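Chain nomenclature is as follows: A, B, C, D and E, assigned in order of appearance, with residue numbering initiated at 1 for each chain independently.
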Amino acid sequence: MGKKLMEIRDLKTYFQTKNALIRAVDGIDLDVEEGQIVCIVGESGSGKSVTSLSIMRLLPGPKGRITSGEVRFEGKDLSKLSEKEMDAVRGDRISMIFQEPMTALNPVMKVGKQIEEVLLRHRKVTKSEAKSKAIETLRFVGVPRAEHIVNEYPHQLSGGMRQRVMIAMAMVCEPRLLIADEPTTALDVTIQIQVLELMKKMRDERKTSIILITHDLGVVAEMADHVVVMYAGQVVESTGADAIFEKPMHPYTQALLASIPSLEEDKEVLYSIPGTVPSAGAFPKGCRFADRCSSAQPSCTEEMPELREVLPEHFVRCALVPNGGAA
Amino acid sequence: MSNTASITERERISPPSVAPGKGRIILNVLGGLSVVGKASLSYLVLIYLFVLVAPLFLAHSPTDTDPLSVTLPASGQHWLGTDELGRDELARIVSGGRITLMVGLAAMALAVVLGGLLGSIAGFFGGKTEYVIMRLVDMMLSIPSFFLILIEITSFGNSPPVVIVAVGFTYWPQMARIVHAEVMKWRDSSLVEAETTLGAGPWRILFRHVVPQTYSSIIVLATLGIGWAILAESGLSYLGLGIQPPLASWGNMLQQSQNYIWTAPVLAVYPGVFILLTVLSYSLLGEALRDVLDPKLKR
Amino acid sequence: GCSSNSGNNEPAASGGAASVPASESASAPAESEGVQDATITLATNADPNFNPWSPTGFVESEPITELLFDGLTAWGTDYQPIPALATDWTPSDDGLTWTINLRTDVKWSDGEPFTADDVVYTFNEIVLKKDLAAANSSNFVAVDKVVAVSPSQVQFVLKQAWSSLPNYLAWFAKILPKHIFEGQDPWNLTSFNKEKPVGTGSYVLTKYMAGQYVELERNPNYFGGTGDVAKVVFNIVPDINSQVAQLMSGSLSMITVEDPNLMDNLKSNPNLTVNEVSDNNYYWVALDQSQPRFQDVKLRQALLYAIDRESIIKGVLKGYGKVATGPINPMMEKFYNPNVQTYAYDPEKAKSLLEEAGYKLNSDGIMEKDGEPLEIDMPAGQYGTLVQASQLVQQYWQKIGVKVNLQVIDWNSYVQRVVSNRDYDATLCWWRAPVDPDILAYYHSNSAGTGNNIPGYKNPALDKLLEDGRKAKTEEERVKVYNDVQTMTAEELPYLYLWNPTIAVATQKNLIVPKTTFIVAEDHITEWKVLK
Amino acid sequence: MSRYLVVRVSQGLLTLLLVSILTFFLINLAPGGPSAIMNFQSTAEQREALTKQLGLDKPVVQRYAEWLGGAVQGDLGNSLDSKQPVGELLAERFPNTVILSAATLIFTLMIGIPLGVLAAVKRGSWIDRLITFMSTFGMAIPEFWLGILLIIFFAVIHPILPISGMMTAGSDFSLVDLIKHLALPMFTLSILMLPNIVRFTRSAMVDVISLDYVRTAKAKGLGAYRVFFQHALRNALVPIAAIVGLIVPILLGGSVVVENVFGWPGMGRLAVQAATNRDYTVVMGVTILVGAIVIVTNILTDLIYTVLDPRIRYE
Amino acid sequence: MSEMLLEVKGIKKYFPIKSGFLRRTTGHVKAVDGVSFQLKKGETLGIVGESGCGKSTTGRMIMRVLEPTEGSILFEGQDIAKMSPGSLRKLRKDFQMVFQDPYSSLNQKMTVRDLIAEPFRIHNQPLSHSEIDGAVCRLLETVGLRTGDRFRHPHEFSGGQRQRIVIARALALNPKLIVADEAVSALDVSIQSQILNLMVDLKREYNLSYIFISHNLAVVKHISDRVGVMYLGNMVELAPKQGLFAQPLHPYTEALLSAAPEPKRIERRERIILQGDVPSPANPPHGCPFHTRCPKAFDRCAMERPALKEVVPDHQVACFLY
């Protein structure tokens, strides 16, 4: 077990909208060790992106704010830093990759400049040093003709290239932590695998920790050391990658795995989870998965279960899972 | 074997609903307006009621001149005083308001119909039709509206219908452009494809499915446009080209009052303030509607 | 009459001609020291045309051409013709030839000498050339031709006797330089008309910025001596409110104010002097005489009885005006005949006259004759106060059961409709003419339909009187004829006479000008005093 | 690119042709006539002579053909009123309108863009509401009314600024003098324009601010200034350039009234004079010139796009 | 499983590239460059391939919402590619489409009832108000929605429910063929299976045929009988699913299958990681479209384009290796 790089404790991020208080992230615990890839999976709207934005303190406007909890990173609580101190962390110690490589790059700025900008902001370097470093980083992420590409605009690049530029931008300052929010969703499978391999290379060669957000269990299986399953703003299961696929304990995790078709085996009928995710503005009182859960008990709707360590390093939020596992 | 759970499940949905009438929808929209929007709407409702109903209660006719009591200050007899020919200012404001508000509405109605029709046809059918219509729009837009109105009015005289047509006629290209852009967004949409695959003809798709998608932009634009039309009429009146006496309009009252700016400046205040408030209300209402109907809509 | 010009604002710096001081209590200009070489700033409301005869030169040009050019005669402050380029003028016995002697010491501003040829050229080649249709040229229909007798003498050869010639020669009838115009199209000579006019007047043009200002400087060679004013700048200010504001703030030296509303206001301003002057001007309503119904004098009288002119003058004109009794202005004391039929406001009388004429109120409350309701289409042109005045008339007439459809149209369309097509039932306008009783052009049957006889009134008896007036040799004769004319017009009402307005010339306190209209004052600019 | 220009320009010319036909027939079929002819005191004989002099006795179509023939060769004819060549008249007035419009445009852009950015950045706050409300307010005031109020204020109450014309009559040109004269008309016109710019900037910025790359810029640790001005505003400039293209006709239209109120010797005043005097050739000249300006601005804004946004390229 | 329903022969779609304001055609996007296949009654054909390879374009041409540039589409023997709009409109009820984004393919301003009744109205079916209502309710029940919700608007439904509405609408006229273009891609994983199950059920119940377009190999494998693999406007492999997934012949199919992440922590067969990006369809390479990225390419691949040919019974592939 490696050294803890980041510890998130009971993070709550709420959005105040005109009609309701949206509890997008509702008490999350998350640990990231050095050189570890932590995957967060969960359905759309379960709070994955908001978690990452909360870490980065990039929540939109006055609406959304961190209500409580702490984000300990290298000993500092990020949620307590001033905006200026936070700026120094962003892009340097922690950096981030977003889902849409097209829109995440500034369309009117040359690619090279966008990378250099980070260096100029965080490192004492001259422009030309920044440029050569940018080219070097682009080469590292496998961009051919890097010295030409720096002078091109994002729209002149293909999707895969753009995402690599994003990665280059994120790693040019050699951050300790990379947060990647669905970095490959917009990419084709054959390109996706290239990008995923690249991220592995980053972890292996630079010991960067990665939080990888995805809803694709295939990607999780490919990449994760540790998996966090989110549902309705909460962590419902959190454990090592092997355990999730071999012994999923939370009914939601189980259902999820059962409901996706696989290339390897043929399922006559897919399991399907009835109903839909409750809306973040109106969560039920008890277990948030209760009304879709096939094994739900009346008590489930009454009381919110705790996230418990049922096996070593295996946390589950379900009242029905006994300690020691074997649901 | 079918997974019946997925087919027959009864999903959690709030209580069974009945068909909401159009009225409900309108109420919902109005209810969603911001405070400023509601205030503007209330002002507009009141002012329309005022100009429609007030004549029943007014003691004076707006055309009754009295040379011996010109530019009187406000009094119990004449609540807003009298104008340069001794006519009751309140009665003039009311009857001028009728005309002004009517010109605004009618001009905009014309612009909406003409612009909406041409814009949506251009946007939907594309090709040569689009080219011709949009060139026409370009042409209209390249004559600054004021010049065009100026020429139209000098050409056809300045009876209210001409003023309405002239003002409306200058606004339709703007309308057409927006509607064109909005409709064009839908031209290749899956909505249109879906309807096509159902076998619907192009006109049905255009008017039943695509045009309704642009209603909110049209409503917003029209609301803003009414204010613009009212201003345009008053600008025309300033140049002596708007609605003509003995008909009153706020614009021509303002224009007349210019001659009394040194002696009876209050004559310029009443119509000016009414124009200001009305145009302001329309604009604010338009903004508020934009927020409710289509938060993404931009000009 | 009224000249067209741009915009609908009342022309402020307008070229009224013939007026007398309204109040004789002129505090004589203090004999204190004047400022030599002063600059004064006047206003005009549009870009001028420097050609005084140009058909497109109107009130905006007149105050400027008045300073740039001279006529043969000019107005005295008593509105009698005084010598200008002419030294004296005498008619022949039959009245058909006027012999005029010219000054010999006059030079054009380009140095050329002024001679009889210039006069001959101006009249024969410009004014009397029908094809050119020079402005005001219709005033000179009685002139056959002008002959140069010697370099310093010309003869005006007339078609009929015309006793008013010297008066009309002072009325914007400026002499143009032959050496510039010869062989040129006078209207297209923009180098003269728009850029560099050459005149004999007291001032010469030094700078003209289109749309901005016209700058004149004292003509060093002017024959009439020099005064305090070295430089006259005409600011081109289209908006009357701006003009007034500029006057109040001191950046204009003087403006003409026709709007009675402003007069009290300006009068109370301690920095301004306001001279009230009356203008030879009367407002009237013309009723289309080609329609039989308007040929009935009872109807015309009834319609005049129905208008409360006293109240209009008191209320709307703020007292700045007098009820007009006929075509001759009381300022022409000698010719004015006060003892004519008058029409004090009397709606009852109006109604009974209508009844006499065969009209009855119908169920709609409208007067009706033989099933025809008395409905009047009344176009009103957007110019000055015409629209407002027409609205007042409309209201008065409606009170006695006459339905009036008022149609306000822009000035050009109005002229086309009323003057060109004579397509109206009634219309309200005004005439402004030289201070002279000769009104033949506006009343003679010959000018019905095509000329200035707008209503198209035809009356052989009146025609005869007017012709006699022109032929009259002595003043007594003329007085008698025009007295009769006034009696007849008052009874017959070829036009419904409304009022004679009083206008005002407002100046800064430190500028002392003769108490006359703007244009006449300009003829006497050498006498202006600019105080410290 | 050059082919693109050729096509744009030829389309512009076609538009101008249509504009000229529309204008010519409208104005010529209008009642009334050139004020030379429509003089109240003229006799029928004079009117007839003048009609002939001005060539107005010919059929309208023939006159249009003649006008077009001249216009194609760069001869817009002579004013019916002053007899000056229309080209000269326009050359006299056009620079003045340009001075007023350009000053207004620069002024409004300088004030409006920062205000719009501020409103967008502080979206939802009271600053935003205040700015939005003020700009709406500006859109609701009849400009001539505002002009008159300003005249009263500055002429009488505080006579510190000249209220008419573009230079002190009779004095030599001086920049200070020009700026003083410019102040009021420019301010009035700005009140008319500012709302457009502010709102448009705001909405363009709001759009951009919520885009991913602005978030990326923040995620890179860049400071607020760099994020909003280097990244966001730079992108928002594309739609703002578009509004500048749209605003030019509004500006020229608005200047008609403002030029009249403040006696500014520009094309707007010329146009109103010409229209009321039925000075057909001048009306045509102004319309064509204004149309051409609008077309040229549109082409220019399209070209500016390519500078502002590398994604846009015209072949 | 014998009767031929649809026969697509060499369809092509070239989109003109119009540049800038000029609107001049400066080239063509060869979105679909000669694709042929057949579909039997009751059969499901899956089409996979990377983004931009022409899957949707193919689907839309079959629906005739796009005019094919070339080729013929025989639906029960009639060539719908050449049919007039009028007669086509009548035939349309036989083939329907389900779109990727149910939200944008539904008129937001209409109630679900009106939306589902729309096909009846379009085809002027002489049904009374209550008959239509009944039909709508039946359809809603078929796809598993509450009939009481029929007066709601689409935005009041979740993604999966909206997709059901779209399916109900497609079913309204008893079609024989449904083209589903990325019908489940926009849905959450847990909802996706609901729709897939529904589609399978409906197919059995109504003997429907599907053309199921997706980039998700696992989903295609789950639902299809046969699978076609497209690359850059070409069909590179077409085979029954068992054969294709067990024994991919085309190097591209091989790479695709190996790159697809599997939700399993197992040792997988050797990864084939392709180099570079998909070429642009506006400027496709000469010869085999895949040769620029193909690990097994040889000289001939750059020279000529391989045709789709049957190398194993029922298994067609376009590659010179076979």
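A few comments on the model shown:
Following the convention adopted for this analysis, contacts are C-beta pairs under 8 Å (C-beta built on N, C-alpha and C of every residue); 3 or more make two chains touch, one makes a residue touch a chain.
The shown structure was predicted, so the numbers you read here are calculated from the model rather than taken from an experiment.
The minimum number of touch steps linking chain A to chain E comes to 1. Looking at contacts between chains, the pair that accounts for the most C-beta pairs is C-D. Once the centre of each chain is set as its mean CA position, chain B and chain D turn out to be 24 Å apart.
With centres defined as mean CA coordinates, chain E is found 46 Å away from chain B.
Rounded to whole angstrom units, the spacing between the C-alpha centres of chain C and chain E is 88.
Measuring from the averaged C-alpha position of chain A to that of chain D gives a distance of 52 Å. Of all residues in chain D, those that touch two or more other chains are 30-32, 148, 152, 260, 272, 276, 278.
With touch defined as above, residues shared between interfaces to two or more other chains in chain A number as follows: 269-272, 274, 276. Residues of chain B in contact with at least two other chains: 2-3, 6, 9, 11, 154, 157, 239-240, 258, 261. Those residues of chain D whose C-beta lies close enough to touch chain B in the complex are 11, 14-16, 18-19, 22-23, 26-27, 29-32, 132-133, 136-137, 139-145, 148, 152, 199-200, 203-204, 207, 249-250, 252-254, 256-257, 260, 271-272, 275-276, 278, 283, 286-287, 290-291, 294-295, 298. Contact residues of chain D toward chain C in the complex are 30-47, 49-50, 52-53, 78, 80-84, 89, 92-93, 96, 148, 151-152, 155-156, 159, 162-167, 169-170, 260-263, 265-266, 269-270, 272-273, 276-278.
Across the complex, chain A meets chain E through its residues 43-44, 158-161, 188-194, 196-197, 215-222, 241-242, 245-246, 255-257, 259-264, 266-267, 269-274, 276-277. Of all residues in chain C, those touching chain B in their complex are 7-8, 10, 240-241, 244, 259, 261-262, 264-265, 308, 311-312, 314-316, 382, 387-388, 391-392, 394-395, 406-410, 413. Contacts from chain B toward chain C in the complex involve residues 63-71, 84-86, 154, 157-158, 239-241, 244-246, 256, 258-264.
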